[in-house]
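Residue numbering begins at 1 within each chain, and the chains themselves are lettered A, B, C, D, E and F in the order written.
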Amino acid sequence: MQIRVINPNTTAAMTAKIGRAAQAVAAPGTQIVAVNPASGPVSIESHFDEAVSAIGVADEVRRGEAEGADGYVIACFGDPGLLAARELARGPVVGIAEAAFHMATMIATHFSVVTTLGRTCVIAEHLLHAYGFERHCRRVRAAEIPVLDLEDPASGAYTRIVEECLRARDEDGVGAIVLGCGGMADLASAIGRDIGIPVVEGVTAAVKLAESLVALKLGTSKHGDLALPLPKPFTGMFAHYSA
Amino acid sequence: MQIRVINPNTTAAMTAKIGRAAQAVAAPGTQIVAVNPASGPVSIESHFDEAVSAIGVADEVRRGEAEGADGYVIACFGDPGLLAARELARGPVVGIAEAAFHMATMIATHFSVVTTLGRTCVIAEHLLHAYGFERHCRRVRAAEIPVLDLEDPASGAYTRIVEECLRARDEDGVGAIVLGCGGMADLASAIGRDIGIPVVEGVTAAVKLAESLVALKLGTSKHGDLALPLPKPFTGMFAHYSA
Amino acid sequence: MQIRVINPNTTAAMTAKIGRAAQAVAAPGTQIVAVNPASGPVSIESHFDEAVSAIGVADEVRRGEAEGADGYVIACFGDPGLLAARELARGPVVGIAEAAFHMATMIATHFSVVTTLGRTCVIAEHLLHAYGFERHCRRVRAAEIPVLDLEDPASGAYTRIVEECLRARDEDGVGAIVLGCGGMADLASAIGRDIGIPVVEGVTAAVKLAESLVALKLGTSKHGDLALPLPKPFTGMFAHYSA
Amino acid sequence: MQIRVINPNTTAAMTAKIGRAAQAVAAPGTQIVAVNPASGPVSIESHFDEAVSAIGVADEVRRGEAEGADGYVIACFGDPGLLAARELARGPVVGIAEAAFHMATMIATHFSVVTTLGRTCVIAEHLLHAYGFERHCRRVRAAEIPVLDLEDPASGAYTRIVEECLRARDEDGVGAIVLGCGGMADLASAIGRDIGIPVVEGVTAAVKLAESLVALKLGTSKHGDLALPLPKPFTGMFAHYSA
Amino acid sequence: MQIRVINPNTTAAMTAKIGRAAQAVAAPGTQIVAVNPASGPVSIESHFDEAVSAIGVADEVRRGEAEGADGYVIACFGDPGLLAARELARGPVVGIAEAAFHMATMIATHFSVVTTLGRTCVIAEHLLHAYGFERHCRRVRAAEIPVLDLEDPASGAYTRIVEECLRARDEDGVGAIVLGCGGMADLASAIGRDIGIPVVEGVTAAVKLAESLVALKLGTSKHGDLALPLPKPFTGMFAHYSA
Amino acid sequence: MQIRVINPNTTAAMTAKIGRAAQAVAAPGTQIVAVNPASGPVSIESHFDEAVSAIGVADEVRRGEAEGADGYVIACFGDPGLLAARELARGPVVGIAEAAFHMATMIATHFSVVTTLGRTCVIAEHLLHAYGFERHCRRVRAAEIPVLDLEDPASGAYTRIVEECLRARDEDGVGAIVLGCGGMADLASAIGRDIGIPVVEGVTAAVKLAESLVALKLGTSKHGDLALPLPKPFTGMFAHYSA
């Protein structure tokens, strides 16, 4: 089975890291294809970055459909372009935020999220609400680190994340932590050891969910609002979407 | 005051119609600038169409900032790219779906929405929930007409919309109808006469709200998650967004 | 167009101040008629004060209907008698609490309310919930000042309000502040300058919303539960309501 | 113990009927004092009627405090003036709508409400939501009878109510019916026999709840927003409230 | 009337204490039968303890049906086995958590819960949500005392509970406290005196509610999901349930 | 990896069927141990049956802990004893209702549930709400078949289920169906073929989720309310739980 893991930003080093984390938990028969769009922001830290990255996600799903992907992971914690991607895909599409939330609710009655910049907390809060997990999450916390600091071992990002996780554990009354950025995919087990409670990471969670859905022969429903988009003309830089 | 009314699709005839409807309700001192992006779908009838159109909306807001726009209207009922647009704008940005919902709650305790295709009902339902109007809306109904049929007087679209509005009035226990498509901007008063209860149309509602916010000197808050996006590199077809 | 701005309490100085604030934002063609009932409490700081003031609001709407008012503003932050007023009016009726909430959601993803006495916070909380804005408001805060202290420059009220607004800005993670009392109508711009984030004030917001609804020819729906009350006998001090 | 049962409308025959129903379920040591205000509407069928009747309710609570009432029942299904009444009372105050809802949830997982006129359904819906019972109630139904028809045996009201109750039983998936009008206080047991499932009536339910609270020595909390209203001047026809 | 008050744990001293508290508030004609199951945990402080105790509750209801009980109280704050008990009973069944919540909402707009161990707070939170009281409760607090410390005057439990109640009163903005354990049934009036705001205790509240329902002739609805369980074979240690 | 699939009822034929369905989707390295308790009801069709079956579930988890189970599935659609099981287990525990809900939300924006008897619909509704999926599920429908009819090919159960699924597909506006009974584990693919939209079945979904959690090294959090139960004495038939 081929799972296309899409890093919606254009930083190749992050794509590689995400790919390694995905491969590490993949089943023997699973081929992980880690990609990022050619066009888009180098990191996603705002509503605008998200909106732009949704195009890249859609493009990568279109490419995946052509190349025989069985399922998809959207590896940015805002799940950008999720519903659009589902329309375009026949197999399942799983966002890493939803994946982490689903998994966390099965091992703890409540969790907190620890993400990067404070200005992105509202994105996670909106997703929690849209998905129905707002009562399971006690709090969305920011370690106040730029996303790309996660690529720089000298940035001190790891320490700040662990400190925020400890505050969540001790102040929020939660049994688990959800890491709120695809760029933290390599940190989950170390953080788990350091804080002593389960840490749920979205990339790895989403890979297992995508594998599971494919194994269950459950693709995206093509009945109703997730059916393939109606073919129609597009103009300008999007003219290639015309059909 | 200059209000930039952005039709997120690329059908110029619809842009013109929307512009006329906007101008018809604008205050004497208000200049309506009706535009549509150069790039994007000719109509918006899916999550994918929406995601693509969000780029065009962002582009038009960027252009508006350069050209001195005081406020913005996003004239598609899915409010595509609304939060991204707010990040980019200093003045207020108003979506036509939210505008219609706000106005409807002030003249009736409950309303129903009548939109175009059934597959887009879920978009309106998601917005109702995200905005907090889910308890004010009894039902989202589709007249099952493609958006571009609204541009064709021979399509019978008007009759089907009125029939659905009458069903909403008689079956849903509502005091008002919200029209669920920017392409219906010219129909509100005729429908209101035909069905005998208030009909709220989003383009006109949004123009008045944008004017009101500008008059109150209330621009988009630049404190917190709607602050201007952090400058950063973009790649590929979006490289021009780099800063 | 004539907008009747009803101060539900009976303090004429506050009525005048509210009228000035309303006039300052009104469109050129708008006539502001600022009134207060002859009967009622001098300030509204409890559920009981609210219940009594609803009679005065209804009386002023009845008077407005006779005098040709095109729309109404209820200028107390509890929106007392709002649904009763809507039944009595043909034009739109807008409460200042709802007006401020509507406007605030269009310029910030979250806001906090700063009101007068702690015991009235629950009134604002109930309204937030009834209107569907409970997820947009982070917190309702009280500056712990009696309403009539707002009429006395020596009371120190302004300073206490600003201090509470600063706490809201710095602790609540919000992009805007809603002022929670009609008596603060003259303070919004000064507070906005002092705290550096948008401040939404209800009287001015409601005037623009009422003007907008009138401009859109959207009166209160007379179909359903907001239709004119059934004529019937009233007794005693309310016998004049009989019909 | 003295329970003051306040019929908020001014129809003495209905007050007497409500008093008889209250007395029929009262404990041996309970004195039922059934009253109605001197001033107000003869029936309550609109938001306006409700607002006016809240004054009468407050007046009767003030009178009750002077006459030694231990607890209060507000015998109109809109619970008019409930929070104002609680501020004025030292003992408990129970509305018949909330009373019926509380009781119904203890004998069935879901109930439906059958009330009088369709235009008042929204009042019950608002209460269900304000109280937190919106998930226990499947539907609010109207038998479409004017309130005062309940006083006229020849009106056919009883038959129409039973028919609507049967529809609720057979279509709504509920285990119990809540009768939605104080004027139905004498009908509950007959309807129960006719439809074969439990019927909860608010006047009788509220009397038992008020008795229970008094027996438990639980009066209205005077700490916080239900403390006695702050003394202050009132003007005009309400000048007698001044203190 | 006979009310069977079931202590779901097997500590006879606690059963006796609960029985005394129940009797102290019972009406003259009410016979309180305080019982506990022969089988089960000595205290209930976990989801597992709760699940086991539900069997004892069911057994005691079956016994009560045979012995002519008119109504039931489940005297553990998790309301264990409540819906199962309702299926088995013809009369009403009232849990002490729901009873306390119902009563608290009638005397205060908001309350906080003070319970025993922190790990059981989530049980109360789940109930608040299932019953619809989540908006009335500000916070569930734990005094961090094991349940059986309530049986030991030397444990210091009383002091710790009062301290937590004072924190709730001063920090949570509530008008009343709900005690969150059946073992606190003897403490309510003393705590009320010490903290100066109303204290609602579940055992006494539930007795009055059960009496009230019986007086109103409202038994558990046998129409729908609370009808008597379908007779069927049971195996092993539950074979005696077969029918 | 060893996954213990617990059929909470005591019908061995159903256990075998569930085991076969589980094995059919299990990964190569997964050992499915399908068991049912020695004690309990032969089918689960009421709140009482559920409460009793929770004991059997807990017993099987205790046995699994002794025998080295890595994860658990509770194979009854009411997820009986789920939180108690989680307290007892170190590995993950997944209920088939939650599993099916999680999976369904990732392939469709809305789903409907088709279950056995109408009286059990409320159990599914309560779970949807407790888990946060109430906005994703349009309707819970019953085919009105007793659970054990699923074991009898001559019962006509399959036809009735398909008919109800078709009604859900055509009337509810959903993209997927969730089958609401562990006894339907063998029917999902046939129904999917017959109705043409995705059908999510809980046993198979839960097996994949349990495998995924084990693969991710995510066991039940032992920090907080799901920590191992406090050791304490139990009496009577539960004395063996003492510690």
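Just so it is clear, contacts are C-beta pairs under 8 Å (C-beta built on N, C-alpha and C of every residue); 3 or more make two chains touch, one makes a residue touch a chain.
All values reported here derive from a predicted model rather than from experimental measurement.
Q: Which number of steps is the smallest that gets you from subunit A over to subunit F via touching chains?
A: Counted as steps through touching chains, the separation is 1.
Q: With chain centres taken as the means of their Cα atoms, state the distance from subunit B to subunit D in Å.
A: Computed value for the inter-centroid distance: 44 Å.
Q: Distance-wise, how many Å sit between the C-alpha centres of subunit B and subunit C, to the nearest whole number?
A: So the centre of subunit B lies 27 Å away from the centre of subunit C.
Q: Among the residues of subunit D, which ones contact at least 2 other chains?
A: As it turns out, subunit D has residues touching two or more other chains at 83, 86, 109-110, 121-122, 129, 135, 173, 224-226.
Q: Name the touching chain pairs, would you?
A: Result of the pairwise touch check is A-B, A-C, A-E, A-F, B-C, B-D, B-F, C-D, C-E, D-E, D-F, E-F.
Q: Quick one: which bits of subunit B touch subunit A in the complex? Just the residue numbers, please.
A: Touching subunit A from subunit B are residues 10, 37-43, 45-52, 54-55, 58, 81, 83-84, 86-88, 119-123, 126, 129-130, 146, 224-227, 229-230, 232-239, 241.
Q: If we count contacts the way the header does, which residues on subunit B are in touch with subunit F in the complex?
A: Where subunit B meets subunit F, its residues are 118, 121-122, 129.
Q: Where on subunit E does subunit C make contact in their complex?
A: Residues in contact with subunit C: 109-110, 135, 173.
Q: Can you list the subunit C residues touching subunit B in their complex?
A: By the definition above, subunit C touches subunit B via 25, 27-28, 83, 86, 92-94, 98, 102-103, 105-110, 131-136, 169, 173-176, 189, 196-198, 200, 204-205, 208-209, 211-213, 215-221, 223-226.
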